[in-house]
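Questions regarding the structure given below will be posed in turn.
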Amino acid sequence: MNKQNRIEIPLCLTITDLVFEGEKTATFSFHLPANLELDPIPGQYFMLWLPGDDEIPISISQIENNEKIQFTICSKGQTSANFLRMNKGDLVGLRGPYGNGFDISDKEVAIIIAGGMGIAPLRFIISTLISRTQKKILLIHGARTHDELFFKEELNNTDIDIRYCTDDGSFGFHGFPTIILEEILQKAQQKNLSHEIYSCGPEKMLKGILDIVNQFNLEKNAQFSLADRYIRCGFGICGSCYLDGVGLSICRDGPVFRGDVLQKITDFGSFGRNANGSKYPL
Amino acid sequence: MNKQNRIEIPLCLTITDLVFEGEKTATFSFHLPANLELDPIPGQYFMLWLPGDDEIPISISQIENNEKIQFTICSKGQTSANFLRMNKGDLVGLRGPYGNGFDISDKEVAIIIAGGMGIAPLRFIISTLISRTQKKILLIHGARTHDELFFKEELNNTDIDIRYCTDDGSFGFHGFPTIILEEILQKAQQKNLSHEIYSCGPEKMLKGILDIVNQFNLEKNAQFSLADRYIRCGFGICGSCYLDGVGLSICRDGPVFRGDVLQKITDFGSFGRNANGSKYPL
Amino acid sequence: MTELQTLIGTVRIRNPIILSSGIWGSTYSTLNRAYKEGFGAVTTKSVGLNPRKGHPNPSVIYIPEIKSILNAVGLANPGYDAFSEELREINHEVKYSVSIFGSSSTEFQQIIQHMDNNLTGNTPIAYELNLSCPHAKKVGIAVGTDPNIVYTIVEACKVRTKVPIWVKLTPNITNIKSVAESAISAGADAIVAINTIKAMMIDIHIKKPVLGNISGGLSGQAIKPIGVRVIYDLYERFGSEIPLVGVGGISSWQDAIEYILAGATAIQIGSALIDYDAPQTLVHNILNGLNEYLSREGKSFSQLRGLAHE
Amino acid sequence: MTELQTLIGTVRIRNPIILSSGIWGSTYSTLNRAYKEGFGAVTTKSVGLNPRKGHPNPSVIYIPEIKSILNAVGLANPGYDAFSEELREINHEVKYSVSIFGSSSTEFQQIIQHMDNNLTGNTPIAYELNLSCPHAKKVGIAVGTDPNIVYTIVEACKVRTKVPIWVKLTPNITNIKSVAESAISAGADAIVAINTIKAMMIDIHIKKPVLGNISGGLSGQAIKPIGVRVIYDLYERFGSEIPLVGVGGISSWQDAIEYILAGATAIQIGSALIDYDAPQTLVHNILNGLNEYLSREGKSFSQLRGLAHE
């Protein structure tokens, strides 16, 4: 088992801060007790329990000093919507960190591709790369529309290169981030730099990215966070989140996988499974 | 809880050696697995399980390198008698070490008083004092008869001063070891040396010793091992071995007590309790 | 700590932490000591008609991996006659209850009558009927899983004494609510739950059960989630109709509160004493934790009961 | 490791370590993977008549202090129809049994009949009837504690299929021997025990039960001594009349041997998978430990069964 410290039994903490990033998205802050030393890795997630309702997996959006931890939640259904109705001071149960996070790697350039809510876990890897490495960082940040380009201001305040794109053309490039990725990789082939790709977003988009990195033989240097599946236990026991093919779990073997592993996952990008285990097309 | 390593679930080991010390007394050797690091303290005991029969408390008689451990068992009733019928290679269950052992103390002279089987745990404190301190050691070794002065040869091979006594006069002084103790303490008063007294034997004898050390105001420097009571759990839970007065247990607070504590034990030297908890006169 | 005074039916104790039966309580000295070290009340070892030496050893084994104890002491006790003499020595300020086992209602009556007569100077706060020991023949669980027998025994005890009758139940049962219901309708003044859970251990070298009695009962942290559920179910069924004393795996103030929120009026502690050099530390930690919790929550102790049901 | 081949009734598996129901086994890929990683056989997640999303989360909580899991998944499954499609994808060399739950004998019959028809290419080694889930209404424990209902269900299943019927029992019962007896006399080919033990957990800050379903079942190391006793009791009563599959808290080769000595023919493992990055390590450690033990003891595997009873 992972020797990392982990909260297993939901720890109820009050929401110390709640900031709306958009109409249906907010960032929640909590103060972790001082002695826990969880040292989470970007890409890892927590199970967030809304008492009386349900518990959902949410990536760590940011953590400062192992203490102030943030989650960014987008309203997608019952529980996530109810989260957005909570207030500062309300109690939420936290357990985690769970899962396999992003590797920092030794490559010279980090290309980060965020689709929609996928920016949340990537925000954490971006700040980690900035503080711990000298890498050149390029962010391709896509969303449906301008309002959903969360953390724009915060990210603009860093030194990283950012390329925005929106599906509706309301800001930045009008189109999918995958198109920009392809361009960039094409140019990069000419230069002699090594690249590591970090991505999170809808599984369809990740599938598109995988196809592109494959063309460039970069699948081993591309990391994907699959944050779009049903999770129950978080530690690989219950079987709810296993992917077809070799039988890997999102909750424990993932949510971050490298491209060469993703290729063996036969339902990647095509099917998900809901709480009862039946398949639905993505 | 005591942070000492301890075997809690009986660990079955083969008897690697079995040496008769007398007609009804034998020393059993076992090899402890290398990684346990039990570091037992003289005066502590183990629970020795004879499968199919019962489990009895037996003091550690000797241990070498945290590995070769010895117990000296005297046949007193069913289980101890059955132990003496065992052979090399037979399996015995061990759990321990339990209880509170002897303090080494900073006194210049160690007076050791053994009555009968009481020599077993004292053998271990003697070897410890010899190897770890420069103390002058004086052993008063009493038994009913010559044949029951166990470990005589081994102890004669050390540098310590030994005074033998037997109830029947068959060897050494004809009389109780308490008489010798009194003499020694009287002489010691004249010299300016500090004394620590270690004793183990029938409770009646220990009572005699307590009365004597009291006269010399040495009760705080006298340690007594009460190895003559019914023990069930070994860790202070079940209530079988609690002594009257302040409510101390033999199994966990003892078996070694200092004289000033013993004074508060109202049934010391007068009553014991059997397995059902009823009192019997000692 | 007046605010932790607890009322179990008509019985008032200074705090809700009670020493459970079979831990320590075989002698007047340990009962005195436990009370002195802070328990709100103490329970004696279970006593029966005749002296009983209990099962052969090993009879009490600690399992560190799960912080639990496996025991088959087998209700060792000196018989009610000798034991009532022992109990006469208990200090008068000590609040104690006497745990009793028996195989029939007349046996229970006989013991209670004798205790009533002999303990007039210092009456126990309750007789706790052990209808739940899982490792002794014909008594304990043997009488505690049949609602009719439970009814008969409790009723028989109630007619014999004015001392409150508490009934200690077993979790080794399909439906604990039905025996609780019998006990309550027969007049029980409180339900105590749970006793240990049937369990055993086999040594793989000797290839024999470790306990002298082969099988025994599991207590300690492993059974806490099981005990909490029993109390929750009983409170769900009976509400505040009957006081509930929660026991099973409690070793911290958080555990104690969990039982209270589930519906317990008070709690008992047994196996956790293994982790403390003096139970004083344990009891004080729990009382301090409770007090701090209450002031953080702005609630009185009695307001906590059953809150998890709301 | 031919020497670890195990016969459970007429079913031969390559080793006696089986993946238990509800752990991993929701998809064909995990069943394939578990078999590939060394299990002698694998059990599917329990399947019922209709799709069921299970209880709200939290539904699976790990309790590190006692190395145990509290769960109330609530028999989430896609229904027998979709699930039989899933199972058709299982590799042909994989020995698997299908765990089934239902609320009546006709429900069980319907599911079995469908499975029999759909899985002709790769027949399961057994249908394991889950008469023991403690946290779902009307099924599992609700039908598994009444000897008559158990009889009816098992008999109904036996007439419908040639595939062996294994019956998984609950320890949440006063007398497990009587339901086992019913199952056996109705023709059960093996008894599997134990399922989880009713339990719950309350959060003291939120003052609510943690599990979405309020109450759930305890599994993992805490319940090992309880499971060993159940197997010991069943073997004491039925001897080698019926194969017994021991399950509950097994996480090492020593645990596996303890169950075998108690009377188990084979064992299942669930919760212990939490401690391993790959179950491969766990299964191999157990198989190696077993093999070394057997050669030290100079015994064959089948000779070990029930030795603690001699």
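Letters A, B, C and D mark the chains in the order given here, with residues in each chain numbered from 1 onward.
Just so we're on the same page, contacts are C-beta pairs under 8 Å (C-beta built on N, C-alpha and C of every residue); 3 or more make two chains touch, one makes a residue touch a chain.
Quantities reported herein were computed from a predicted structural model and do not represent experimental measurements.
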Third chains touching both subunit D and subunit A: none
Whole-Å gap separating subunit A and subunit B, where each centre is the average of the chain's CA atoms: 65
Computed distance of Cα centres, subunit D from subunit C, in Å: 34
Centre-to-centre distance between subunit D and subunit B (centres being mean Cα positions), rounded to whole Å: 51
Centroid distance [mean C-alpha coordinates] between subunit C and subunit B, Å: 36
Overlap residues in subunit D, where contacts from two or more other chains coincide: 63, 201, 208
Topology of the chain contact graph, where touching chains are joined (line, ring, star, complete, other): line
Contact pairs between chains, per stated definition: A-D, B-C, C-D
Of all residues in subunit D, those that touch subunit A in their complex: 22-30, 32-34, 45, 51-54, 56-64, 69, 71, 73, 76-79, 82-83, 86, 201, 203, 205-206, 208, 210, 212, 270-271, 273-277
Residues of subunit B touching subunit C in the complex: 1-2, 8-10, 12, 47, 49, 51-56, 91, 93, 95, 232-240, 242-247, 273-278
Residues of subunit D touching subunit C in the complex: 63, 65-68, 70, 145, 172-174, 197-202, 204, 207-209, 214-215, 218, 221-226, 228-229, 232-233, 254, 257-258, 261-262, 293, 307-308, 310
